[in-house]
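Two complexes are shown next, each including subunit A; its partner changes from subunit B in the first to subunit C in the second.
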Partner chain A sequence: MLDAGICNYVAISYGHSGLWGGGMRQLLFNTRPSEACFGHFGAVGRYALAAQRGMHEFSSGPETWKHIAMGQRKWANLNPAAIMHAKPMSEADYHGAPLVVEPFRLFDSCQMNDGGRAIIVTSAERARDLKHRPVLIMGMGQHNPSNEIAQARYLAGPTGAHKAGRAAFAMAGIGLDDVDACQIYDCFTYTVEITMQEYGFFGRGEGENWFQGGTIEPGGTMPVNTSGGQLSEAYFMGLTPIAEAVMQLMGRCGPRQLGPETRTREPQVILCSDNGGALQSHSCLIFGRG
Partner chain B sequence: MSLKNKYAVVGVGYTPQGKVPDRTSLSFHLEATANALEDAGLKKDDLDGLIAYRHFPPCPGEPDITPQLIAQQLGLAPAYLSQDAN
Partner chain C sequence: MAKEKIVPAPDADSKPFWEACRDHKLKFQKCAACGEVRWPASILCPQCHCRDARWIEASGRGIIHTFVVYHQVFNPAFKDQIPYVVAVVELEEGPRLLTNIVDSPPESLSCDLPVEVVWDDISEEFSLPKFRPLPG
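The block that comes next holds the complex of A and B.
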């Protein structure tokens, strides 16, 4: 619409009284008879099914996911607005949390919360006259293998992230080595692992090695979900990752700002993802400092 | 022609988050959009496109959230309204 000249300034907004208003419970317990008759209930079950398949096919599992949950929590501990800001997470906390749907424990799962988030998009030209340093959309890609996981040809990849990521990088004309940080849609810890694996940050089944040693944490070589993400900041669908990428590239993140403050690279390029339909729809965005 | 670097994000709107009693989903849309406009340094009448992110079933006792409803409540009539699927 912007490119067609129909609009100049577009808002993308999200709002949900997901916790107090009961919206998320309503979504999660919205079971389909065709799945429930096999003992399969709601969104957590759908992602848990995919994660079980990942454990079977390429040795995914809690030994990988703990690094994601704990790493993102460390970012949340630097973000006063994060729901889990004041709550550090130890490895014992991670392993000791109750199971939600096997193999996911509580800290593998995103927040349920009330709130909203919005962004404004305009042309790069108009952006130059506004308040903040603009954040450019360098690349984007989408791929949607099916509508829902019950119709998926592959449970443990290739997911939509595989083609969407390649399309976004092709448009941006850059490679993985040019990415300074990632904001990955993280409804569950496994979603971060499979998405980054499909983008090519590490080989199939190499996630456990890649994530260990603080790779994604403050001070790490590839910071991921630097607000705490949906696991530890707040859940606003794809606008949790996008808002954080934008704020980081604008340099407005205070104690969690990428750069010298957090012993990380000053960001020029940040990669974002969103997915739905239990890994069946996928969108990849690459943002650059304007 | 490539869209690379042709478009930019220029503002972000936040709201209270966590357990926030006595608020509707619509009220969060309105607050987030108003805050994003202010953050960008724009006036509300500058806004001529509105996309509601996702279309969930309405929360118990709340109206169905559509971009039309958000625009009406903001006092706007944008040229383009859209909403993606659930």
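The block that comes next holds the complex of A and C.
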């Protein structure tokens, strides 16, 4: 539409009242009677089913997920807008949190919150005349493998991230080595692990090693979810990762800004993911500094 | 007080499945063209799109593909059952079924463990196929 001149600017917005409205609760508590009669409700149970299979097939598990939960919390501690801004998380906090749907504990799950996010899409040419440094969409890919969790053959991979990631990198004409940071859709800790594994950041089952030692934290070699993400900042569907990627590339992130301030690389390229259902649909977006 | 039990809501496709469950039989559609045994029930085969199928009775044996343990009450109807196990069981014939694992402590379970069907008669109209580990 932008290319055809039908419109000049497109606003993509998302907002919800997750704490008191119906929408988020429906995601969490409602499901079809054929699942509810067995006591199976909503997103936590579905992703936990995937995570358990991941534990079985490639030794995923809490020893990997704690690095994701604690690493993202450190970013949230630098972000005044994050719900968990004032709450550091220790390893004892992570392991001591109540089990929700095992293998997931409380801090394996994203936030429930009120709020919203919006982004503006326009042509690169128009963007260059605007107030902020432009951010370019370098590549995108999508893959949607199934619509039934019980029939899914990919709970431990290959998920939609595998093909979607390849398509996005092919369009961008770059490789993994060119990525400076990632904003990964993180409804649950396992989602971050399986998504980054499918993109190829580490081999199958090598996540525990890869994440340990502060890889994704401030000062780390591959910062991930630098706002705190959905786990520790706030949940706005795919707009939590995308808005953060764009803000980081514009250089508008204050104390959590990638670069010298957080002892990280100044970002030229940021990789984003989004998925729907329980790993049933996947989008990968690669953004670059304009 | 526990709320009333949640029962399945059969549609035109799944009605034969739930009727068979009432007789403690696990029945699935088998494609006349490619032989795929499918679940959920549907008017055509998800593999080859053929519309012809017949209902076959499954053995009731399979393996746990994956499972989770509910530690929180998501619905008052399950308040008294915490902690309980929800699993995806892969049947010998191929289909995967969302179900419960019963008669076994959650910590004794693992993926790929062999299981067999047991029936839970939750009302006059509905019996739910649940599974327990095979003895030995």
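Miscellaneous remarks
The rule we apply is simple: the second predicted complex is superposed on the first by the 282 of 290 C-alpha atoms of A that agree within 3 Å, B and C clash if a C-alpha of one lies under 4 Å from a C-alpha of the other, contacts with A are read in each partner's own complex, and residues count from 1 in each chain.
Here, contacts are C-beta pairs under 8 Å (C-beta built on N, C-alpha and C of every residue); 3 or more make two chains touch, one makes a residue touch a chain.
Because the structure is a prediction, the values reported are computed rather than measured.
With the C-alpha superposition on subunit A as described, subunit C and subunit B fit side by side in the combined arrangement.
By the touch criterion stated above, A:Val121 is placed in contact with subunit B alone, subunit C being left untouched.
Once chain A of one complex is fitted onto chain A of the other, the partner contacts of A:Gln151 are limited to subunit C, with no touch recorded for subunit B.
In the superposed model, A:Cys37 makes contact with subunit C only, not with subunit B. In the superposed model, A:Thr221 makes contact with neither subunit B nor subunit C. In the superposed model, A:Gln212 lies in contact with neither subunit B nor subunit C. Vertex at the C-alpha centre of subunit A, arms toward the centres of subunit B and subunit C: the angle is 100 degrees, rounded to a multiple of 10. Once the two complexes are laid over each other on the shared chain, residue contacts for A:Ile83 go to subunit B alone; subunit C is not touched.
Set side by side, subunit B and subunit C differ in how many residues of subunit A they touch, and the one touching more is B.
Taking every C-alpha atom of subunit B against every C-alpha atom of subunit C, the smallest gap after superposition is 18 Å. The contact surfaces that subunit B and subunit C form on subunit A in the two complexes do not overlap at any residue. Remark: subunit A residues 1-3, 6-23, 26-27, 30, 81, 83, 113-124, 126-127, 130-132, 134-140, 171-173, 234, 236-239, 242-243, 246-247, 276, 287-288, 290 touch subunit B in the complex.
Touching subunit A in their complex are the following residues of subunit B: 2-33, 35-37, 39-42, 46-54, 56-57, 59-60, 62, 65, 70, 78-80, 82, 86.
On the subunit A side of its complex with subunit C, the touching residues are 28-29, 32-42, 45, 48-50, 52-53, 56-57, 98-103, 148-151, 155.
Those residues of subunit C that touch subunit A in the complex are listed here as 5-9, 14, 39-40, 65-72, 74-75, 77-78, 81, 83-84, 86, 88, 96-100, 106, 110-112, 122, 126, 128, 130.
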